[in-house]
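Next up: some structures, all given as structure tokens.
Common to both upcoming complexes is subunit A, partnered first by subunit B, then by subunit C.
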Partner chain A sequence: MFSAKVKSDVIKGIIDVTSPLVNEAKFNISPKGISLRAVDPAHVAMVDLEVKNKAFEEYKADEMELGIDLDKLSSIMKLASAGDMVSLEYDEDTNRLIIKIGNLVRRMGLIDTAGMPDSKMPNLDLPAKAVIKASELTQGVRASEAVSDHLALTIDKESFELYAEGDTDTVNLRLPKDLLLELSSPGKYKSLFSIDYFSNMIKPVKGDDPVTILLGNDNPVRVDFDIADKKGHVTYLLAPRIESE
Partner chain B sequence: MGVDLGPLFKKEKCSINDLKNRVIAIDAHNTLHQFLSIIRQRDGTPLKDSQGKITSHLSGLLYRTANLIEAKIKPVYIFDGEPHPFKTQTLEQRKERKEQAEKEWKKALEKGDLETAKTKAQQTSRVTDEIIQQSKELLNALGIPHVQAPSEGEAQASYMVKKGDAYAVGSQDFDCLLFGSPILIRNLTISGRRKLPGKKIYIKTNPELIRLQPNLKSLGILHRQLIDMAILIGTDFNPGIKGIGPKKSLELIKKTGNVENALALIGKSNAPTFSEINEIRNIFLKPRVTDKYLLQWSKPDKERVLKILCDHHQFSQERVESALEKFSTIEYMVKQKNLFDF
Partner chain C sequence: MIKHVLTPTASEALKFIEKYHRSTADKTILIIIGECLINYHGRARSLLDWGERIVMIKQDGTIIVHQPVMREPVNWQPAGTITRFDIKNHLLNMKSYHTHPPEKMNISFRDIKIIVVASLHDHAQLLISGMETDIVNEIVSNPGVIEEGLRISKREKHVKSGIIDLFGYDKNHVPVVIEVKRSQATISAVQQLRMYVNDMKRDIETANVRGILCAPKIPDMVKKLLSDYGLEWREVERRIVLPDDKQKTLKDF
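Then we have the complex of A and B:
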């Protein structure tokens, strides 16, 4: 059994973080809330998200899995305005999710979850940590997009730095400790990442939202932030690019 | 050759672009056999080097792989290991058919009937140990991974898809679905043209994708019942019951639930014994597979490729070099690490 009422923004947030990586996802429903983990087909990025039952206006659920076509869900959610209330209900007899927005009722066919693999979260040792305002990070990534297809992140004891280098232009964003919400690093750590993936990853964060970045040397980056008015949480892992062989 | 299950499955169209960045576990035997059959001259003679050795497989591997890599698809070729004892009969029959085709090819050539000659010649194609060895050497030089299956290649490929190491099995056969691969991709050619077997007609081909679970669901059967159906039709491991094709077997299995009941109903005498049936089921359900493989793509070793293809087998250097240029996208793939490398 699953039946819930929630603001459209919460569902849109889930779509925003998941759809850049996969077209279909397995939503794990439990009495505590909804969680999902997805890895893109190239195994470069992983999203792990959780939305607590408190994020919903109404929430009733047993343990179950829903296989959802995210393109479909996204096109349905485009019919809802910000702040609209959306009701969701699983119809066991027809294996469909009944989505109601105002007077509109959409019965959405679900995908079989049997073929969807359960990915394990890789065990990573990432010693450097920086907490940054979303707006700072977004600005740096946007600027980098114009000059290159990859960017370098560096965290040392004093600062966080984002650097991108193209054939003729470079972009540099250096934030000393006092401009960061938090910084802790035992030394200097640097890794390179694809800008395509990186910019998709931070799409849902805005303004003063704190974004936590954990970094190592030529290691994946772990990015954490809250969604759904802090009643939901997202962890993103992105594998690095290696500068030379 | 595989089980004739094609007509039962729903196939989805799929473009090369949908497969970008994905790992495809390619059935090497099936692919090499295809190259050996198709890449031939008008009279049916395969491509040969100056010493008269067949090179159709090397040509096919080079150009096919180059096109896949250019499209940012990551191929891994899966080679067959030791065949199951039940396969011996199938292999014997294939050998006989090939010998027969060989004779008919020669006859047609004497008569000057080129069309028949080519058809017969295609049926003589044999993936020999030497061809397999040369193919592996070329793949090594090209920086493309390959995996040696302990037994059936399609079983190993399916296992890798189930594990999540590959997105789909690439093969023309449907057998990987019996081995439980969630996705099969057929016609993984970029050239988009395929000759109909035995006919002088070319059809435009697009890759097509077949998903196991939705198909089982719409057929209204379980995976083990699909295997039971295959046993009735005939697999590489048993000859099947005369007069039973895909439709009839679906009907029978849906009505009776399994092979044993179906056989009791139709009362055939030349049927496999219950213990043979169980053994065949086990080949598909619990195949011998390995976890010992490394999926790594690297830049081609240009000198080695040129040495193999141009020095040893007289390929045109210009054409090989232009195919190698398509491998430049591999740099992007090499530099981008995989999350599960950590």
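Then we have the complex of A and C:
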């Protein structure tokens, strides 16, 4: 059983963080809320997402899995304006998700979840941590997109740094400790990442929202932030690029 | 290595080409800019009257003749074409031919402006992300996106129940039928592929024909039906991830 009522923005937020990586996702429904974990086909990035039942206006659910075509869900959610209330109900008899937006009823066929593997979160040792305002990070990434296809993230004891180098141009964003919401690092850590992936990962966060970045040396980066008015949480992992010699 | 000669006479041109242009070991690319006349015999016949053009013989024997405008070459010959130069009626004459199919192209030059010979090195491959390019072209130009060792031998192959998008052989010489869909694959695409595979089995009298359905998106229901029929699938657009040996994956950790 699954029946819920929620602001359209929450569902849109879930789509925003998941759809850059996969077309289809397995939503794990439980009495506590909704979670999902997905890895992109190239195994470069992973998203792990949780939205608590508190984020919903109404929420009733047993343990179950829903296989959802994200493109389809996204086009359905385009029918809803920001702030619109959306009701979701699983129809066991037809294996459909009944989505109600205002007077509109949309029954969406679900995908068999049997073929969707459960991904394991790799065990990572990421000693450096920086908490940054989303707007600062977005600005740095947008600037980097114009000059290169990869960027370097560095965290040391004093600062967080984003650096991108193209053939002729470079971008540098250095934020000393006092401009960060939080910084803790036992030393200097640096890894290189694809800008394409990285920019998709941070796209859903905006403004003053804090983004937590965990970094190691030539290790994946872990990016954490809240969604759904802090009643939901997103963790992204992105595999590094190897430094060119 | 790069050498050039400006406004050579026919005999100077021939001497220059014989001295620097190599079509065997350590091959060179040859570019001649000048006025030329082109005679072609082969699948058709053509005569292209005098005009100023760029003639290029690539290091694999490919010949490309460009006029001063337009994207496409006005004449071309494939890789492996053999080319000889001599002097005929006081003009530099270039004869090229290959046997499968039998084709001959003769180019006479007058008023040569420049000849360049160079030995070029380029081991990079063109990378296309495939999101907006035609999927069929993508597969033809790079069958490796479907699988290692696949060779495409025919586009639009006619069989009893219709036209097969792509037909080829895998690395074990097993015939492969490929059906390409531009959007989401449907159940009817599966039936179509199944008929084509059966047609091919009958036509070439072998029980072993593979069928692959390629689409940007294949719903699990369709995947299941495909595997029930012993057919395969590739999600082409999403799967065309640029080979990037510097990008690690999460599996590495």
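We take it that the second predicted complex is superposed on the first by the 244 of 245 C-alpha atoms of A that agree within 3 Å, B and C clash if a C-alpha of one lies under 4 Å from a C-alpha of the other, contacts with A are read in each partner's own complex, and residues count from 1 in each chain.
In this text, a residue touches a chain if its C-beta (ideal position, glycine included) is under 8 Å from a C-beta of that chain, and two chains touch if they have at least 3 such contacts.
Since the model is a prediction, treat every value here as computed from it, not as a measurement.
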| item | value |
| --- | --- |
| Fit-or-clash call for subunit B and subunit C when the two complexes are aligned on subunit A | clash |
| First, second, both or neither for A:Pro117, with subunit B first and subunit C second | first |
| Which of subunit B and subunit C A:Glu24 touches, first, second, both or neither | second |
| Partner chain in contact with A:Ala42 - subunit B first, subunit C second, else both or neither | both |
| Touched partner set for A:Ser194, first subunit B, second subunit C, both or neither | both |
| Contacts of A:Lys231 with subunit B and subunit C, given as first, second, both or neither | neither |
| First, second, both or neither for A:Asp69, with subunit B first and subunit C second | second |
| Partner chain(s) touched by A:Ala239 [first = subunit B, second = subunit C, both, neither] | both |
| Overlap of the subunit B and subunit C footprints on subunit A, listed as residue numbers | 39, 41-46, 112, 114-115, 122-124, 194, 219-220, 237, 239-242 |
| Residue ranges of subunit A in contact with subunit C within the complex | 23-24, 39, 41-46, 67, 69, 71, 111-112, 114-115, 122-124, 194, 219-220, 237, 239-242, 244 |
| Subunit B residues within the subunit A interface of the complex | 21-22, 163-164, 167, 182-183, 211-214, 217, 299, 334-342 |
| Residue ranges of subunit C in contact with subunit A within the complex | 217, 219-221, 223-224, 235, 238-239, 241, 244, 246-253 |
| Residue ranges of subunit A touching subunit B (in the complex, touch as defined) | 39-46, 112, 114-115, 117, 119, 122-124, 194, 218-220, 237-243, 245 |
